[in-house]
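Next come two complexes built around chain A: one with chain B, the other with chain C.
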Partner chain A sequence: MAESPADAVAAQTAVARSPIAAAVPTVRDGWEVDATVAVGPLTLSDETPLAKVAVRAPFDGAARAALGVRYGRTGRVDIGGDRVLIAGAGPGEWLALGAPGTGSALVASLEELLAGTGEFTSVLDLTHGRALVRLEGAAAPSVLAGVCAIDFSDTVTPDGTALRTSVAAVVTDVVRDDRGTQRSGAAATGAVGVPSFLLHCERSSGQYLADALLEAGAGAGLEVTGFRGLEPSRG
Partner chain B sequence: MSLLPTPRRPRAARPTDRADAERLPPRAGEVIDRRRTVGFRWNGTPYTGHPGDTIVSALAAAGERVFSRSYKYHRPRGLLTANYLDPGCMVQVGDEPNVRGAHRLLTDGMDVRSQNTWPSLRFDVRAVNGLASRFLATGFYYKTFIKPEVLWPAYEKVLRTFVHAGEVPPDSAPGHYDKRYAHPDVVVAGGGPAGMAAAVAAARAGATVMLVEEEHQLGGHLRWGGPAELARLAELRALVAAEPAIEVLTDAVVGARFDDNWIPVVARGIPGIDERLIKARAGALVVAPGLVERPYVFAGNDLPGVVLSTAVRRLVNLHAVRPGRRAVVLTANPEGDAAVADLESAGVEVAEVVDARRGEGVRAAHGRSGLRVVELGDGRRVEADLLVTAVGWTAPTSLLNQSGDRPVYEPRAARFLPDPTRMPENVLAAGGIAGDGDVDALVEHADAVGREAARRAGRSAGAAVTVPALPVADHPELFSAGTGGFVDFSEDVSAKDITTAAAEGYDSVELVKRYTTATMGPAQGKLETVNTVAVLAAATGRTIAETGTTTWRPMWAPVTLGALAGRSHEPVRYSPMQPWHERHGAVPLIAGQWIRPEHYGDPAGEVTAVRTGVGIIDVTPIGKLDLRGPDVAKLLNLLYVNKWSKLGVGRVRYGVMCAEDGVVMDDGVTGRLGEDHYLMSTTSSGAATVWEWVENWLQTAHPEWRVHVTPVTTAYASINIAGPRSRELLGRLTDVDLDPERFGYMQVRTGRVAGVDDCVLWRIGFTGELSYEVHVPAGYGLHVWERLMATGADLGVRPFGVEAQRILRLEKGHAIVGQDTDGLTQGFSAGLDGLIKLDKDDFVGLPELRWQRERDTAPRLVGLRPLDATVVPPEASQILDRAGGIAGRVTSSRMSPTLGRSIGLAQLDRELAEVGTRVTVRLPDGRDVAAEVTDPVHVDPEGAKLRG
Partner chain C sequence: MMLLPCPWCGPRNATEFRFVGEAGPRPDPATVTPEQWRHYLYVHANRCGWSTETWYHRAGCRRYLSVERHTLTHEIRTVRDTATGTTSASTATPEAAR
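Let's look at the complex of A and B:
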């Protein structure tokens, strides 16, 4: 039986979905998220609902200075009144992560911030184009060692590191964003908090990447936990 | 002379009777757990052992002496080394062949069998080979089977049945092989006292350490020592355990050392995993494998009952097994002396101690299925079921050789020693491989090596650590008694084979190796190399140093193909609508990494639905690039064969890219969304290639152009709504004005669809129907798809898959790049005559395309219709010219539900490409069918449907 146009309009409340299936789905901030709560210390959470905005600009110019983050590093910056995490995972490329639903506002704020630099820049909302997960726990580097050739020790990739690499054969931006550290202090001398990694890949590979991480972490007790958002991991 | 009784039990004996036959009372250093018993079968007969037993130690405890038949002559073989290297202990366990029975730990329920013995291990008919051994000498393969060449396959088939190896049943369950990466500061290869001391020292100096030991426990030779050695072992193990920076891997092996300390480590015994390959990148490598005891070459040296002193000590002290009843011991060193003491403590009668240091020797061993008599150098014959030899050591320098070192032979010590001057900065040696000394001396040396390794790995500052030199103890050179015997037990290569090879002119050790296969067996030369060199040296009148050694190549130990392959990571990609497709019975199509719906059960019906009503298809995999900047039009003009300067905002244009050679590379449409903002689409399979292509041109040829390219393929869920009622369906869900006067063919709009903002709508028509391609922010893709299906139910909307789309586009004559073109198809052969603008100043491929046009001889893309409308020539069927030569091929073909007949596209020689030409199509089954060349467009050639 066909719906009437009125019915159709009434049913047009759109819910956004992550590419990673939720075991216990619930809706938060317009996104379907997982309500599962892990009990163990090693967790994987789907953070896809976070706003994800890409910035392109010269590698090391006024735009970089305005963003306050250089290539290979991350930083938390106040933009447009919101606290966002900016990662310089590629040369001349930055990814700004903000709270769910703030993508358009973040684009506008960044465009305003960069407009004064005089450089050729572009800002693009990729919230729907990328999958984002957080792997957290003391054993997180060990889990990553099963799927990635990079050395994730504190000395080589300390808190605040951003890099682009292959994780389980998927091009992935890896951002180390430890819990319980203050970037300006501990990160400079080595992590003292709980290792925590944001992994960011093209959306269509999100489920595969999550599955690969869960398989790699099965022996270490890796558990799925629900959406956590950007700030809860900060100590 | 009387035969010594060999313990035997009737086949029907209870397993426990067998298990206890040769088991000794508890030993101080034993590794078995006597509180528990595990059951297993050996060639079908039940046996028991204890956790901690190896397969062979459990069998030896039950009195078994023969575990295999040899490679070529099928001679009975028993224990020799009682460790991983033991060549006589290769067995089949379940469906796993070539298991190292003297290393693999016993588990409950194991089904263990001897390999390639028929009808039984005890009586193997292929042992008849031994009678023909004079005809099976060195190189007999080459000499005997070289002619006639045509018979080699038959020879090979027969010869393979003689090979001593196990079987992999075709229905074997796949194993689980894992792969990991590691970045330790220091890798220590070998977990004996020196390895442990080096690891502790490196860890205390601040290094992370991976300590790798081939055996199941750390400790090396300390494990089978007396109270003092066991106390030292406990102390060292405690020190290792106290260092959290040390990762201990037992039952693991450092497989090789490559440049920059890239070190593959194969780890076994991990629950749920057959083997794990660890790809380690270490700051420093400490090579501490200890020494390998060397067999002695004499007649009968392969008889079961002839064993090495270290094997005896392992059996007695680790597994509490009495290795025999009456022994002769040939000793040239303290390890042999200690073996005498161990045997006596185990209740073995030591009938004779032959001390090589006093010039005494052994000439031969005699027996049939086991040792019965030992013939001494002075001619006496001693009855014994056990002959223990302790004649010297081989330094397993493989990892050092792979690091560039060239160990030198030291006659005084009768072994090779590393050349410290040739070792790279990041490789060090410790333990017996570097020199001799008591445990204190070895530990002191290794401690310094460990600290220096940490320093070289960048973990500790300061001056270089002074590493004390280890002394080198004198040892008699004992390799061969000169009475024959086997040099390589794995390959059945005898001393006579070596001397024969030398006599035939193979006087280089590398040639001898290849001619005789000595050192090429599972032990990979660790037991055989030095004896091979020594026998060859004696045969050629050269010294061992002059003779040299064979090359030690990776891997240190044989590695399974599974471990090398590791876990395979094969990414798959899904559209946001995949859950809906799965729920609605879509037949999946694997398209590269993408999983797509091929159809929903009735592709012909799906075609008809689109032609007569409306259908929707998930086209998310179509490549999409977001292009921004004031110079995008220049970029498009450079990369596409057609013109882009005047594309207005809100317009869409089809474009084709060619490579520099004019070959068609990709196609798609690009829409102009704003003044400096474009959205480019590519083929699904070409998305990554085109992105790289675009970036390559921007970064290398025109870095001055201000263009930013971002792949957004999966930022959008893409849905094509096609059919005469597509406008009606879409109109119910969008605020975009779909009036054809204001949103015409090849135009683009943005707006809201099913409550979702920021959607991009293209009015294009790959299917040949009125259609809209809607690109939705991907998180809402499933929502929009479901709304389209629900809202269009009264219109008869149907989902259609890739197969229906292929038919629809074929009816319309739209080519697919990569299917209707290939790696040689230039632009004018792809039906692009009207698109290619040779009057442009420049574009990629322009010179080649100009030449192609001038030549005008290239094949053409044509339509094709078999005269028999029911015949669908399979794609790739050949098209023949009038002389029967190949004139082209069918690139696409289907039965058209719209026309009720078969149709196709073809690449065809220029002279046959005129519409109306009759050609012959040869089908794969050899039949010929007649067909007529047509215009490529089979349905709606005027394009009225598209523009409706």
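Let's look at the complex of A and C:
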């Protein structure tokens, strides 16, 4: 059936919404995001608009080599011409994060990348089924300590760590992605950055997780700030 | 708090896991009698001492683990991934969890 003019207009103006309510809503890249700008050093931002693609494959086979990221670690990889953050938060499971609106293209690029491995793999766009927040600041590990049993100190979970655990009783992928560091390649500096954690969970738990983090960080001055995207984290 | 040394994730709070039950051989469905099947499903030794159990790491690696645990002291001797055989010794360092 042909699309009516009204449907075409609706499709052009459709706005995707995060499960986390925005205090000052505005639209960016087709998503309703929070326009709030925090001034403090400890912030929580809703990064749900980022494209989120799950990859499953044998944990240590050709697919792992093609992705370039092993279990428990993260890496920034160029896929399909875009810079993508890949996190190996589970054995044989990877989460690829890309710029808003690139989910379909990222799925196609990953399928093309993995097609030659000869392994059974699956690639699935989870963008609208998951919630993603970033907790950033020097006090971020101590905020997480209030809601999670993992030690997030530099010695145990350094920059580039990916793991899945229970945060405020919600199953959450925790990705440490510090600001102001270069971890690999010729640009590696070894500099210590500002601790920054991406927390990824089921969409239905997103608002609760954000509220739990805000409550845990209230004493440390945790503030909500607007969507920042992937690249601003790199110093 | 009870720690389980997951072979994939390291020592984790036991609340991240689901206790599946005592591990044991599954009867052949083609030849088993209803009584044997009920016994397999519902009747357990529940011994005081070393027991081999299955745990599911629902908030971590999402793997089924075979755990040798002392039911009185909660000491854990070995943990093994039931699918891959990846093992974890009970001497795993507990720094990753408090």
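Keep in mind that, in the parts below, the second predicted complex is superposed on the first by the 216 of 235 C-alpha atoms of A that agree within 3 Å, B and C clash if a C-alpha of one lies under 4 Å from a C-alpha of the other, contacts with A are read in each partner's own complex, and residues count from 1 in each chain.
We take it that contacts are C-beta pairs under 8 Å (C-beta built on N, C-alpha and C of every residue); 3 or more make two chains touch, one makes a residue touch a chain.
Because the structure is predicted, anything quoted here is derived from the model rather than measured.
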Practice item. Based on the superposed arrangement, let me know which partner A:226 touches: chain B (first), chain C (second), both, or neither? Key: neither
Check your understanding: Looking at the overlay, what does A:164 touch: chain B (first), chain C (second), both, or neither?
Key -> second
Practice item. On the superposed three-chain arrangement, identify whether chain B or chain C touches more chain A residues. Key: B
Review point. Taking the superposition as given, does A:91 touch the first partner, chain B, the second, chain C, both, or neither?
Key: second
Practice item. Please indicate which partner A:156 is in contact with in the superposed arrangement: first for chain B, second for chain C, both, or neither. Key: both
Practice item. Could you look at A:195 and tell me whether it touches chain B, chain C, both or neither (first, second, both, neither)? Key: neither
Review point. Does the superposition put A:75 against chain B (first), chain C (second), both, or neither?
Key: neither
Point to revise | Residues of chain A contacting chain B in one complex and chain C in the other | key: 149-151, 156
Practice item. Using the touch rule from the top, collect the residues of chain A that touch chain C in their complex. Key: 71, 90-91, 93, 149-151, 155-157, 163-166, 171
Exercise for review: State the interface residues of chain A toward chain B in the complex, per the touch definition above.
Suggested key: 1-3, 5, 8, 11-19, 21, 31, 48, 54, 56, 120, 122, 124, 126-130, 145-151, 153, 156, 168-170, 202-205, 207-209, 212, 219
Study note, to complete from the structure: Residue positions on chain B within touch of chain A in the complex are 178-183, 208, 272, 279, 281, 569-576, 579, 593-594, 620-621, 626, 628-629, 706, 708, 710-716, 732-733, 754-756, 777-784, 787, 790-795
Review point. Of all residues in chain C, which touch chain A in the complex?
Key: 1, 8-9, 12-13, 15-16, 58-63, 95-98
